[in-house]
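Pasting the structures here.
Note that subunit A is present in both complexes that follow, paired respectively with subunit B and with subunit C.
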Partner chain A sequence: MNFWAILMKDLRMELRTRESLAVMTVFALAVILLFSFAFDIGMNRFPSFVPGLMWLTYFFTAVLGLIRSFGWEKELDAWDILLTSPVDRSMIYLGKCAAFFIFLLLAQLISLPFFMLFLGLPLLAAPLSFIAILLTVDGAIAAVGVLIAGMSHRTPAGETLLPILLFPTLTPVLIAATKATTTALASKPFQEWDFWLMLIVTFLVLFVLAGAFIFDYIAEQ
Partner chain B sequence: MQSYHSHPLNRIFLGLTILVAMINLWLIYQVAPLVVDQEMAQKIFYYHVPLAWNAFLAFGLVAVTAALYLVKNDPKWDIWSLAGAEVGVLFAALILVTGPIWATPIWGKPWSWEPRLTTTLVLFLIFLGYFMVREFGGPYERSSRYAAVIGLLAVIDIPLILLAVKWWTPEVQSHPQMEMGNQPSAVLYVFFFSLFSFTLILIHMIRYRWHVRRLVHSNLMEQEGGSHV
Partner chain C sequence: MDQLLIAQGIGKSFHLRPVLTDVTFSLAAGQITYLIGRNGCGKTTLLKILAGVMRPEAGIASLNGRAMFGLGGSWRREMVYLGHRPIMYQAFTARENIRLAVQLRGQTWDESQFRELARQYGLGGREDDRIGIYSEGMLKRLGLIRLEMSSWSLAYLDEPGSALDVDGSLILRETFDRWRSQGRSILFTSHDMGWGAAVADRAIMLSGGTVSEDLAAPEEAHLVDLLKEAAK
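For the complex of A and B:
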């Protein structure tokens, strides 16, 4: 399966260099620390804006991870070699999405305890709900992120275009993720935030399909 | 190279567009009655709403032609797409200006996260990125293809942005609280005439930008020794 070949390639490279994960995790930790100072949050409080801070942090973290993920492809013209290989382009897209999804998730697993510790995010109040939100939002970020990074890394402006294109497109995901997290962690019933989850899932499905279809047209040599 | 307005049909169309726009102004300020409670502030409604409808018409054109360009790889569609994006963004900017002008006296503050206005703002931002890709995206063909993808993604995103913003601020009134059915029929007629007038302006502007962009494109191709449209 081509999909697995691409996924394993990215995972193996990460395992050997640990570059993406190191960059993403350290960045997230640094931002968490800065946020704690900037907003002067004491212990045992859960300001309503912390879920928003958390998702913003991971949006920026994702940009760094995407830059790294496609930085590999730039070196030694790996991208051109990848495109000349007899692999379906949509499989390249899905493979890279899956790999990036895993990196983002790992970086979050390491940094989330610090959101609990420093910023008082009560993740243990609704762990299962939070995991559902986390998985779908990461999927949505990966779906759009890999598609846009797949274009921006080929432009002279390079990585500077990535956040400019990515963040406005992800607006609905940020709104939904923040609202869903805030409501779920306040131990509200599922009916009060299920529509947010549905919105994220819709975004995810729509953009994975669009990405798999469109990637063929942007991945030229 | 012929200029756009040297063609008689285009001149006639321009004259018609200007004439209709003048009649539109007269209708808005002389014929349409004042709406209760809003008085003169309501007049901007005759610009704001037609601008909005037409901006989304232009973005629709961008999406359709972008998809055609990606599939058929014919520069013709790319030029249509670019022309639509240029005029659509201009209209979006005007929506973003006229909305707060209306909201200041009526709602008491210029910006209140009205879902449609907020969606327009996000769309405006995405399309600024679209032009950056055009500008800094490298070789012409590649940046055109990338821009087409951004245009397509933006339009797929519209319903999601609108829903998200709507649910995000459920307390915000979603529209100028004005029941069209309860207004005197003159308000309605003038509104539809204004819609017609702005659609003419949109068509004229897109056709004009298409003409200019096609000249730019064939110049570029001549320099590179490529094929013409």
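For the complex of A and C:
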């Protein structure tokens, strides 16, 4: 019940302001455009560095989205309405994770065709594999991102602190995502990239469980 | 009187500077208590700790016999908090904000009650405006509507009268009297000593990180003297 209330609150807020999605999408598209000029990919076969560029782009896209998503909570001290309500705080965490997961996925759905078009990312080579990687990586980014943003957003240097803390924490996921995407899109068998997918899934499960458990402590000042 | 809130040894510091060291007091049901103290003495910090917004470094507390500060939030069902700012989403309308607050408390939405309260608090016809365009006084009134729509036994109000005009102050005073008659308790701060002393049954003063004075039926002149003494 409270999970849905918090999820719907964030979705309604985005529908009303269109701030998160606009910032995330515009950033991703600008980076793709820049990269397309920087790397003369042309009609080359799948350049192996593109998945790395893609996940780095989506990391920074996620940072921008998280800053905006928690910016709503800072205005008029709105976060306190969640904290002072008789809501299990794990539901606050999970609700915000779910909302952010949706925002990130939407930003990717808009920008991924441009990765295909301008940077030669062969998404159609292994679409199901790519969807599995995309969903698990986005879940992990949301799980870690909301946990760290929930901790940092009330500190004076919260917006600076977020990427500083988030990048090292997410580095294993970004490496695994890059390796899994590169291998899967090269149409290699699942056995060659299942380790990386399992690593991402493990990270996702661990952080969702840890976040749901410790959010009660970190949500307060 | 039954003790609704019992707080023992509450402590909190910021950047190693202790603000609250050993705050111990209790609140009775149906009692309006005025929390006074100099700027920076920890009034807002204490209210935020008791409301579950901040975590204390020391101390225990119970609300209606339920332990506070631990895992689980069922004790928060008994209380409401209205801070300096209205703790609402400025992109949402007044109705959306109050509806969310009611929903988060697990209560059912009563549209006719909301409309009636909006009229009573002078916000009739503005229910569907985004609160980002509300004035400070309107936000305070909307905060009071949130409290009216919620079920609770104890309210923590941080400067509830600030930004309210004369009409708003009168409404607030009537509201305090009504809540008292309903057996609800209030712990509030206010820089308007005259107003605070007039509505309160009791005053407690924070100084040096502890409760330094506890007065029944406070009078403005006495409270002013106490604050002047604390400033020395």
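What we mean here is this: the second predicted complex is superposed on the first by the 217 of 221 C-alpha atoms of A that agree within 3 Å, B and C clash if a C-alpha of one lies under 4 Å from a C-alpha of the other, contacts with A are read in each partner's own complex, and residues count from 1 in each chain.
Rule of thumb we're sticking to: a contact is a pair of C-beta atoms (placed from the backbone, for glycine too) under 8 Å apart; a residue touches a chain by one contact, two chains touch by 3 or more.
All figures in this text were calculated on a predicted structure; none of them were measured in a lab.
Asker: Touching A:Ala78, do we find subunit B (first), subunit C (second), both, or neither?
Answerer: second
Asker: Return first, second, both or neither, reflecting whether A:Tyr217 touches subunit B, subunit C, both chains, or no partner chain.
Answerer: Touch partners of A:Tyr217: subunit B and subunit C.
Asker: With the two complexes superposed on chain A, say which partner A:Pro86 touches: subunit B (first), subunit C (second), both, or neither.
Answerer: Touch partner of A:Pro86: subunit C, not subunit B.
Asker: In the overlay, answer first, second, both or neither for which of subunit B and subunit C A:Glu192 touches.
Answerer: The answer is neither, since A:Glu192 touches no partner chain.
Asker: Given the touch rule stated above, what does A:Pro156 touch, subunit B (first), subunit C (second), both, or neither?
Answerer: First partner only, subunit B.
Asker: Which subunit A residues come up in both lists, the one for subunit B and the one for subunit C?
Answerer: 217, 220
Asker: Which of the residues in subunit C end up touching subunit A in this complex?
Answerer: Within the complex, subunit C touches subunit A at residues 48, 51-55, 71-77, 79-81, 83-92, 96, 100-101, 103-106, 131, 139.
Asker: Help me check something: in the complex, which residues belonging to subunit A touch subunit B?
Answerer: Touch residues, subunit A against subunit B: 144, 147, 151, 154-157, 161, 164-165, 168-169, 171-172, 175-176, 179, 195-196, 199, 202-203, 206-207, 210, 214, 217-218, 220.
Asker: Using the touch definition up top, name the residues of subunit B that touch subunit A in the complex.
Answerer: Going by the criterion above, the answer is residues 70-71, 122, 125-126, 128-129, 132-133, 136-138, 142-143, 145-146, 148-150, 152-154, 156-157, 160-161, 163-165, 167-168.
Asker: Going by the contact rule set out above, which residues of subunit A touch subunit C in the complex?
Answerer: For subunit A paired with subunit C, touching residues are 1-2, 5, 9, 12-13, 16-17, 72, 75-89, 216-217, 220-221.
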